[in-house]
Amino acid sequence: MKRVLVIHGPNLNLLGEREATIYGTETLETIDGKIKEAASQHQLEVETFQSNHEGAIVDKLQESRGAFDAVIINPAALSHYSIAIRDAIAATDLPVVEVHLSNIYRREKFRKTSVIAPVVVGQITGFGSDVYILALQAVVQLFRTVV
Amino acid sequence: MKRVLVIHGPNLNLLGEREATIYGTETLETIDGKIKEAASQHQLEVETFQSNHEGAIVDKLQESRGAFDAVIINPAALSHYSIAIRDAIAATDLPVVEVHLSNIYRREKFRKTSVIAPVVVGQITGFGSDVYILALQAVVQLFRTVV
Amino acid sequence: MKRVLVIHGPNLNLLGEREATIYGTETLETIDGKIKEAASQHQLEVETFQSNHEGAIVDKLQESRGAFDAVIINPAALSHYSIAIRDAIAATDLPVVEVHLSNIYRREKFRKTSVIAPVVVGQITGFGSDVYILALQAVVQLFRTVV
Amino acid sequence: MKRVLVIHGPNLNLLGEREATIYGTETLETIDGKIKEAASQHQLEVETFQSNHEGAIVDKLQESRGAFDAVIINPAALSHYSIAIRDAIAATDLPVVEVHLSNIYRREKFRKTSVIAPVVVGQITGFGSDVYILALQAVVQLFRTVV
Amino acid sequence: MKRVLVIHGPNLNLLGEREATIYGTETLETIDGKIKEAASQHQLEVETFQSNHEGAIVDKLQESRGAFDAVIINPAALSHYSIAIRDAIAATDLPVVEVHLSNIYRREKFRKTSVIAPVVVGQITGFGSDVYILALQAVVQLFRTVV
Amino acid sequence: MKRVLVIHGPNLNLLGEREATIYGTETLETIDGKIKEAASQHQLEVETFQSNHEGAIVDKLQESRGAFDAVIINPAALSHYSIAIRDAIAATDLPVVEVHLSNIYRREKFRKTSVIAPVVVGQITGFGSDVYILALQAVVQLFRTVV
Amino acid sequence: MKRVLVIHGPNLNLLGEREATIYGTETLETIDGKIKEAASQHQLEVETFQSNHEGAIVDKLQESRGAFDAVIINPAALSHYSIAIRDAIAATDLPVVEVHLSNIYRREKFRKTSVIAPVVVGQITGFGSDVYILALQAVVQLFRTVV
Amino acid sequence: MKRVLVIHGPNLNLLGEREATIYGTETLETIDGKIKEAASQHQLEVETFQSNHEGAIVDKLQESRGAFDAVIINPAALSHYSIAIRDAIAATDLPVVEVHLSNIYRREKFRKTSVIAPVVVGQITGFGSDVYILALQAVVQLFRTVV
Amino acid sequence: MKRVLVIHGPNLNLLGEREATIYGTETLETIDGKIKEAASQHQLEVETFQSNHEGAIVDKLQESRGAFDAVIINPAALSHYSIAIRDAIAATDLPVVEVHLSNIYRREKFRKTSVIAPVVVGQITGFGSDVYILALQAVVQLFRTVV
Amino acid sequence: MKRVLVIHGPNLNLLGEREATIYGTETLETIDGKIKEAASQHQLEVETFQSNHEGAIVDKLQESRGAFDAVIINPAALSHYSIAIRDAIAATDLPVVEVHLSNIYRREKFRKTSVIAPVVVGQITGFGSDVYILALQAVVQLFRTVV
Amino acid sequence: MKRVLVIHGPNLNLLGEREATIYGTETLETIDGKIKEAASQHQLEVETFQSNHEGAIVDKLQESRGAFDAVIINPAALSHYSIAIRDAIAATDLPVVEVHLSNIYRREKFRKTSVIAPVVVGQITGFGSDVYILALQAVVQLFRTVV
Amino acid sequence: MKRVLVIHGPNLNLLGEREATIYGTETLETIDGKIKEAASQHQLEVETFQSNHEGAIVDKLQESRGAFDAVIINPAALSHYSIAIRDAIAATDLPVVEVHLSNIYRREKFRKTSVIAPVVVGQITGFGSDVYILALQAVVQLFRTVV
């Protein structure tokens, strides 16, 4: 049974409690529930992790090597400047999928550049919490291709 | 039964015949087959359309209003300069999903900017022909949300 | 009797049907009617032409030489990148007037630069469909000056 | 009877005396005469005002509130840097039309950006002194629309 | 008894009459009253001065040397281009405090750069008319430090 | 009794021990003392918090919701790149005031841009440790306005 | 016998009729005649093609695979923005030579960048209609090298 | 006897009283004395004029036509943004020489660009008040050449 | 006996396990061994420290004051954006040497700018793990100079 | 008999000895042989000259006036910054052709701009040593046109 | 008796023979004659030196230390990129004056930046060969000031 | 016995005689002595070479092939624009080390970019004349690795 790590970046623990027009009304707990349900349908084991600390996300990515078969990451604010996370992803041999809840190409100029994007397999952006479900599906597909 | 229009931009008719390291080995025919199969699983009716002509794609987008319930578009080279297509999408009341076969954020600098992205619901990029399947799934999800 | 060609660029055929807050509620048909009425008041013969195809507009501009005495063009989205239309205008010996329905200097950054503007006689922007009527007047004035 | 204020920016008092190839051979007096004649045809009352002082133009714009129904302004050199005039226009509740004698998009790079343009109704540029006549017509049209 | 000069730049004489969502509903007269009241509480003598003319503000700043012990200035639109005011401040031996009613870092891009800021002691921005009261307090504090 | 949280960013714990010409000779302890004294004069309860960790500051900001009525933050080095802190502030419903000890507009180019500034109520910069006292006053004023 | 396709971009059908100081006085017909004569001297079969439509040029380039042994293209205005043509050339396995009648490095700034240049074998620019003759020679040389 | 107008821009009336390390210790009065002495040696009549008002300098430049044979101008802060002065100089048929007391290429970045420079005969910068004496000499030389 | 602190930034704990073509095949443990051996040859006491947390590195740098005589730092990814580390170094009175394993000037554009470089004594880049040995030597030399 | 000077810039004397994948395997001697052979076929006299010294190339270009009828130059590295060579070419009355062995538009960004290109007749780039042969042909053609 | 070195940069040896509309009709010999005549009037000894070689100019500047009391340099094309000459001037303890025959601020964009200007005493530009005479005068004045 | 070439760029022959605060007080002769002493300790043969001529340095680099086993170069001013030296280094099969006496990242903006850096093995900057000694050590280490 394949294992997938889902990483939520800074402030995503506030989902559902703030700026609902941009980020929707679901809480992170609800979303994690949806992710786990979808994962079990795909017969995947899934672990979710949220942190506001760049360093903690780098640590977690390093530990994912060996322990997981793929990573789904929503780097949130860190997408735009954390080269440390970029390097941690590049050092991981696992397939990594980047997701964003909102369509970042519609927002402030600085949100249009992700320093993470060039080192991931692919990016899914703009469908609210469905981006995690779509990313799981993409991961399932990647497992098939590689095998 | 919901109807979905899938638009393939310039040079995508050559898929499978050229630059396989970037775009994969499947032909557009194979991909269209996969799209139709997936659509039928979701109980969607689907039409696919390919053109090397910006104007023809604008015409097609305009005709999609009323005739379709959603559009999936891979604007290919036109992603980077066709404001005409951007305006045609903005004029459409339908949900539009942008897809790219390759991870455009890994390639030449000019491929990192899509003038289309700010007017679509979301973007899926980098999973090869699976981006169309994921986009269909996203569309199914959008139909649910709206209803 | 002088002849004037009026060219409408991509998506202007949708006028009145979409984004009324930006472009107003008149259809292109209504506007063409107004143009013709105003033209007859000035004793001008007028032909209107709309296309979503850059190449078709270039073709039309080339044919206008000899057949018309002046051109009024609303290049719409193509204003911002069509050097082909710019060159076609530069190759025309006729006076050309550029018009825009909305005040393009109030909108997205990319709409503030027209590659067409440096090769026309003058530009009228921001008065809704009245820009065509004002352009006709400008043309009448140009005919007087040249004679 | 509607009242229109026409403002001429710095150095326009020299019209007809200098650089005739760019600005034409009419003096400002002649132009003001033409403006008044055209105004009376439209049954408008018109006042013209010229100053080389940014501050004086800001003062005049402030006074126009209540005293006039519309403003036509040729900000000349000040178009490119006077945010004070921009703010004065934004603070005015009147419709303001910006005009330029020459096609500013054909000239030095710094003349292609007007800091005034984003706060006016529309802009007319490049038809010599006819821009004032066209602007009057645009104003007449605006009066009709609003009523 | 220390003397403080308060300078209001272009269009601030319109406060309370326009764009209340940005600048608030108090008139400049009301604000000047509040400034004087606060000044008397701090046992400061205060003079207020408003002008739409860059040159008049430069003149006033030059005269402030010897006549005042500190200057509070809201350069308004001139913040963004008046190097003449910048040089006048640099030539003054007095402490100068720059204030802005609105948070200029939230507005149009050109409003985010103040050519004045590098030559003042400090800047207070975004608290409506309270910026003047806070600036007075800052000045009181500066007097203490220097003594 | 209103509660105010004061956050000091990276390296501010070294105040008074280093670079006195830029940052003054008071230690953070002294400054915190002054803040508390001023707070008690305004009948405010105040808590101060310093960290060199971006993540810890984000955590603290998240916790401030409900527990405090306003936040004063000196983001120090993080002002210039921490979009995570920006997002945390935007997610807070509390009024937030940004302060800087030195006039950042006089220093290295990269210090002139604060990614935090667009999401705070206002900014006070350049008066040494008095910026905290002024910010408290601003907060008091904000409480009055809102009530 | 080797076959060479010569593609002329937008507005080149007007050669000889307009702007003779930039483009010379020969018509496209004359130039095509010269090309064919030179081709027969090199024992090459040659086909010439002109279009004002980007899409038609992309179609033609796609058809050239298999049907021709080399392509000479003067993309004219499309040189500066048609990534669709760039991609079509990259997808062709044939050697492609880019030519320009005028020295594009002497003209407007936007003409100095060709998005086509990075995907062709070489570029010949500035010798009037002789660029086609030189390109034929280059092609002959390329055939020798590859064989 | 030839007549020369010398214009001093904003803040130059403070010379000798401020920032002596940049601008020297002579007052404007002393410098004007030196200019007049040198002028009489060259048998030139000279008038000097200082203003902090851009508009007043434009007015003065306009009046110089007919009344003077050459102009020497130190535009000071206005060098960097006053297109109104640039246009006034361009409209003058007289030879104009631009001078700066300090070497502006050694100072802040914004001081390195003069919008005036492209419309004057020549520029002399960096020799303190001697720049006026050198400019007089240059003017004498220009009179000889033209005669 | 002099004490030297060696700091390794994010992801350097993975050395030898990933991307060997860029970073070599030695593990961080091996490198730390080499550093200690070289240090003992120079009669230096050395402590090594690795962290993926920017805040932890700032903390460590602050503690180094008094406890160490010099610092050698490989900031890795943080070189390119951590102004917090830059400020911590500037606040340290110790000589600091910056090192990079790979030649950062050969890699992605964003790796060519180190925000740390302007506040260190010197930089050594591109010799693999030998950069630490060379930095120790540089430090020894600095100790001699200062004494 | 017409005389042509061929100038080879810095490092071209190493041709065939280094970086064969970019510059080919022929030595400069071989290439000069080919040039001379082709020249004699065209009944041209040819002289070749190589130098690593910008000044020596400027000297040579100056001497070419009168002594030669045309110049072919491969400025190599100097293409990108030698304004001295640009000025020397502009001062020459002879037709000058610029050549590059490799397609410079495919390489590092700084190689895409030639400061020489705007002052030559035309440029031929990317066909290996054949560029010299093609340039000779272009020169022959130029001689015909001028006569 | 004071000694002055005059350095003429690349291509100035061609003066009078080329591009007379930009550089005038005098030869360098004539100009050197004028310089010597003017020098003798000021009782200065003068040596003139021209070279097309950057290195030779650096050598000459280095030798000028001790041998001369001031340097006048027209760096011509090298003004825009020769940091080597800039550094040689900075290393010279002598006053250096930069001159240009033409008004470089009227010409191509790259000619508007002199890398030399920030290290000289002052710059004189645009008066043809008179710039040398004016520079001599400036030097005489500098000698007086320093004594 | 390995042979190492040390190249000193323009103006380094003046070391110790000028700008001691930046470059130190040692003469180049002293430094060359230190280099030779250190070389003999490492049992290396060393040759030092200084020139103010870019071309002479290119010549020397070309000759180093075969004659030396490694090169240490301080390109001084030429670091920032000499693509000719860059290409000469790239054409050399020897390991090349770039050194700078001062920390170039602390100085003028143009000194922060070395066009040489991307083609060397590594760079050592900012330790005064010790950079040569450290570079020798780096070279010794490189010899070990390669063997």
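As written, the chain order gives the labels A, B, C, D, E, F, G, H, I, J, K and L, with residue 1 at the start of each chain.
One rule holds for everything that comes next: a residue touches a chain if its C-beta (ideal position, glycine included) is under 8 Å from a C-beta of that chain, and two chains touch if they have at least 3 such contacts.
Note that the structure is a prediction, hence the values are computed from the model and not measured.
Considering every other chain in turn, the ones in contact with both chain A and chain G prove to be B.
Traced through touching neighbours, the fewest hops from chain E to chain L number 3.
By number of C-beta pairs in contact, H-K leads over the other of H-K and K-L. When the contact pairs of J-K are matched by residue number across H-K, A-B or C-G, over half of them reappear in C-G. Taking shared numbers over all numbers used, the chain C to chain G interface scores under half, which places it in the different class.
Chain F and chain G have Cα centroids separated by 63 Å. Remark: chain D and chain K have CA centroids separated by 48 Å (rounded to whole angstrom).
Separating the centre of chain J from that of chain L, both taken as means of CA atoms, is a distance of 32 Å.
Residues of chain E in contact with at least two other chains: 53-56, 81. Every pair of chains meeting the contact definition is listed here: A-B, A-F, A-I, B-C, B-G, C-D, C-G, D-E, D-H, E-F, E-H, F-I, G-J, H-K, I-L, J-K, J-L, K-L. Of all the residues in chain D, the ones that touch chain E in their complex are 53-56, 58-59, 62, 81-84, 86-88, 90-91, 93, 115.
Here chain I touches chain L in the complex through residues 103, 105-106, 114, 117-118, 120-128, 130-131, 133-134, 137-138, 141-142, 145, going by the rule given at the top. Within the complex, the chain F residues that touch chain I are 9-11, 13-14, 17-19, 51-56, 76-78, 80-81, 110.
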